[in-house]
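Worksheet: the structure to be examined is printed underneath.
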Amino acid sequence: MKKILNDPFHYVDELLEGLVAAHPEFYRRTGIGGRVIARPGEARPGKVGIVTGGGSGHLPVFTGYVGKGLLDACAVGDVFASPSVDQMADAIRVANGGAGVLRLYGNYGGDIMNFDMAGDIVEMEDISTTTVLLTDDVASAPPAEAEKRRGVAGMVYAFKIAGAAAETGADLGEVTRIAQKAADAVRSTGVALTPCIVPQAGKPTFSIAEDEMEIGMGIHGEPGVRVGKLEPADRIAGEMIDMILKDRPIRPGDRISPLVNSLGATPPEELYILYRTVKQRIEAAGGEIVMPLVGRYATSMEMVGVSFTFCWLDEELETYLKAPAECAFWRV
Amino acid sequence: MKKILNDPFHYVDELLEGLVAAHPEFYRRTGIGGRVIARPGEARPGKVGIVTGGGSGHLPVFTGYVGKGLLDACAVGDVFASPSVDQMADAIRVANGGAGVLRLYGNYGGDIMNFDMAGDIVEMEDISTTTVLLTDDVASAPPAEAEKRRGVAGMVYAFKIAGAAAETGADLGEVTRIAQKAADAVRSTGVALTPCIVPQAGKPTFSIAEDEMEIGMGIHGEPGVRVGKLEPADRIAGEMIDMILKDRPIRPGDRISPLVNSLGATPPEELYILYRTVKQRIEAAGGEIVMPLVGRYATSMEMVGVSFTFCWLDEELETYLKAPAECAFWRV
Amino acid sequence: MPLTRDGLIAGLSAVADHMETVADVLNTLDGQLGDGDLGVTMVRGGREVKTVLADLPPEIGESLMKVAQAFTRVSGSSYGTLVATGLMSAAKATRGRTEVPWSEVSGLLNGAFETMKARGKAELGNKTVLDTLDAAAKATNGLDDPRAILAAARKAVAETMDRMRQTPAQIGRARIFADKSIGLDDPGMVAFAEMLKGLG
Amino acid sequence: MPLTRDGLIAGLSAVADHMETVADVLNTLDGQLGDGDLGVTMVRGGREVKTVLADLPPEIGESLMKVAQAFTRVSGSSYGTLVATGLMSAAKATRGRTEVPWSEVSGLLNGAFETMKARGKAELGNKTVLDTLDAAAKATNGLDDPRAILAAARKAVAETMDRMRQTPAQIGRARIFADKSIGLDDPGMVAFAEMLKGLG
């Protein structure tokens, strides 16, 4: 693994500069230190705003999903580090069209503290906010402590679905309800084959042996549930699907959108090899596949590895999932 | 670098299986050994067909660019290996709507021999064909031998532009003229930081020292023009742009679409860091940026590295570049 | 003499300066269990706080709020937010006053503890700064002499660190390395101890 | 006795069998300068050719065309296409005949050379199979005894390989490793020599 960068301490600011330069039709930089990415133009009056935030190094997550039918603004931290309270508060302010703002992000301690505090601050400015946390990583805590689970690629579904709901003009309570429903409908797990390099550290912060893989590892290298020899694709896929289905079985007739996601370096070729098993297993259990997603939707820079997310859909969620949306990384 | 796969000898067939399973609305498998990917349904009568072909391991190139407003069919070889003559002939047959077929692909010896031979075969079936070769890699031969240059990411522009022309109902001569014009309008160069692993080989087929990079290296590891210490992003970008502009300078008023392309593992974060310099340099020379592309458009699996392509546009090319098009990897 | 704006400025300035000297230690310690940024957090926070000291108003509550805001401006890491949360709690408790008797320090520490506990959703015993903060609040209860307060707080913090060294971390990033954390001091506790040390 | 269907079958079968024994050598040689698949190409091609031998028609031209098609079915690599191109050229030259006099072999080799040269856009001296093919065509000119033809072809091929060993490869994948190729035989030349060896 090697990186192409200038001063590691400017990594995030430079990538944001490039991002808005390349896609001014989707993104603008604003907020304290330029660390808020928002849609161009003012917040739409009367539309519920949706903000997210978190560490950098996961593109398209988080920043990339700002766009029509998706998010309104994102507070951008350093690589794998929380944005500051003030950056989050600015993201909320810019997303506010007077109808309140939903904070929709992953269940990480630092992010929560900062977003809560940012909420306290903007409350004094009469902006009402709600929170929905993504907790889709089944490997990160047992079912009994499901609320402690980390948020990973499942947040893509929550962004999409909540974003579509907000676009219809639904009020804050309704958008929050739907976002929570989406968050409850997703289950994910991942496998990592190599670490990635945090620019400021300059070297991998953890390691995986040359012939091993780590099932359930978090996107920042949080330890997984099993370290083992690297196995054939079909078996890796099988084990990951088992983990998801153990947490939530498929019932005949279930409509499921599966996401086969590269954590970075794993090429689409290998995602498609894995997708075969995903499709077989869902269909074998009597499920029906809706809008499968295969690609890089939530990454850890150049990490080798993949994650699977299953999103169980009802009519409402499916409608919002399929509604038009557009950002520089995804168009529906 | 590590790979997720089953039997390396099934890598390509399994990925194609997954590809069509995930995106039946874009792709179907046909041809000898299932090694042709075509749009679903029959060829449109009267529309000029466009086929490509080449080794696997470059997704979205080649197969991925089959789609409306893009290609009609693609012959799929093993990783980094030519498709067979018969596969190419089948691709031509399935793309033929009676108005002839353009073969549009990269300037690689084996591919040329096979596509020429495939052309001889289908000629006996009264299918007229033409050929346009992509030769955009300025690092692969000096200007005096420009026709010997390899085709790299520049082919994305040729696919898009020729595809749009064919969609309008233009005849074979006209589609070929426009494809050639697009091929002539693109210049590319790349830098590799690590190799990638050909599944059947199981290990990298070449190496780059831990603190080095190779400017001008080909997408299969063909030697570049300079091996040197890994430099800051801005300097790498500067050197690559120098190479392109030495071959074709920017004149004030030139309209250019730049493509900042990851060869695989290099994350979008770093592409955006590089894009800053691309934009600065084009604008400093008086050029105007049109439809910049930043992402993974032509890869070598999990290779770390990037390529830059500049496409000089006139009104005709720009219109076709911006025309609607859709495949699983790109939508315009 | 009670706590006034000038005393606050002197104290914060001393703590900020002291942070520059312990940054590496804190980074290294945090690096063993987390992301190695705790020293950076404290130094950045301290420097930003120093920029606002000259303009602090006589009112203690407002001053503390400004200090808290300075901290949040530059820090994205947990500890920075927790420190700011504690400062804001103290700011609320001292709103409208230009003098705060030393006897209130214990209560302010306890207030900070409570709000920080709520913010971080942690419990006593999780091996975080909270354990030392709670110990300091309790040990200073009933004291009204600044030197005595500082000495009692230090002693309580040191004892808590000794007591908890062999327990595993149960929250934050360090929770991931729970096993590795046994035998190591919690970085946030060490940072708190160093703040007290910086006070003289 | 001239060349007939049966002679063709016997010869191709022998060559195909011989390829199985030299596959590793060819792969290794190709691996030093290219992608290491030349042995695979020849074995796959040989096996596929063997599946069509039993059904070959008496007509030589048609038979050669079927053999060429078998080769293209399984091979994507350059050498496979070149071999098939050469076979097709011979097929065209022998169309409609069930017997081909041995005196025509030199001309058939030359015809294959010309069409392969056109297909591969290579020149004599580029250090490819073409150099040996051309030498074989010239050395067999005027001969009409199969044994004499084979002996002359082998000698010419061996001499050409000796002569060109120290020159750099100038085409195909090996061109990339031009310097490395100095001192090494061209894999395609070796494969051609082995085909002749397989003929007995």
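A, B, C and D are the chain letters, set down in written order, and residue numbers restart from 1 in every chain.
In the analysis below, a contact is a pair of C-beta atoms (placed from the backbone, for glycine too) under 8 Å apart; a residue touches a chain by one contact, two chains touch by 3 or more.
This structure is a prediction, so every number in the text was calculated from the model and none was measured.
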Rounded Å distance between chain A and chain B, as computed from the means of their C-alpha atoms: 30
Separation of mean Cα positions, chain D and chain C [Å, integer]: 82
Euclidean distance of C-alpha centroids - chain A vs chain C, Å: 33
Whole-Å gap separating chain A and chain D, where each centre is the average of the chain's CA atoms: 57
Chain contact graph, described as a line, ring, star, complete graph or other shape: line
Every chain pair in contact, whichever chains are involved: A-B, A-C, B-D
Interfacial residue positions of chain B with respect to chain A in the complex: 1-7, 11, 14-19, 21-23, 56-57, 59-60, 64, 193-194, 210, 213, 230, 232-234, 236, 260, 264-276, 279, 292, 294-296, 299, 301-302, 304, 306, 328-329, 331
Residues of chain A defined as touching chain C within the complex: 32, 77-78, 80-87, 109-110, 112-114, 116-117, 198, 201, 205, 218, 222-223
Of all residues in chain C, those that touch chain A in their complex: 35-37, 69, 72-78, 80-82, 84-85, 119-121, 171-173, 176
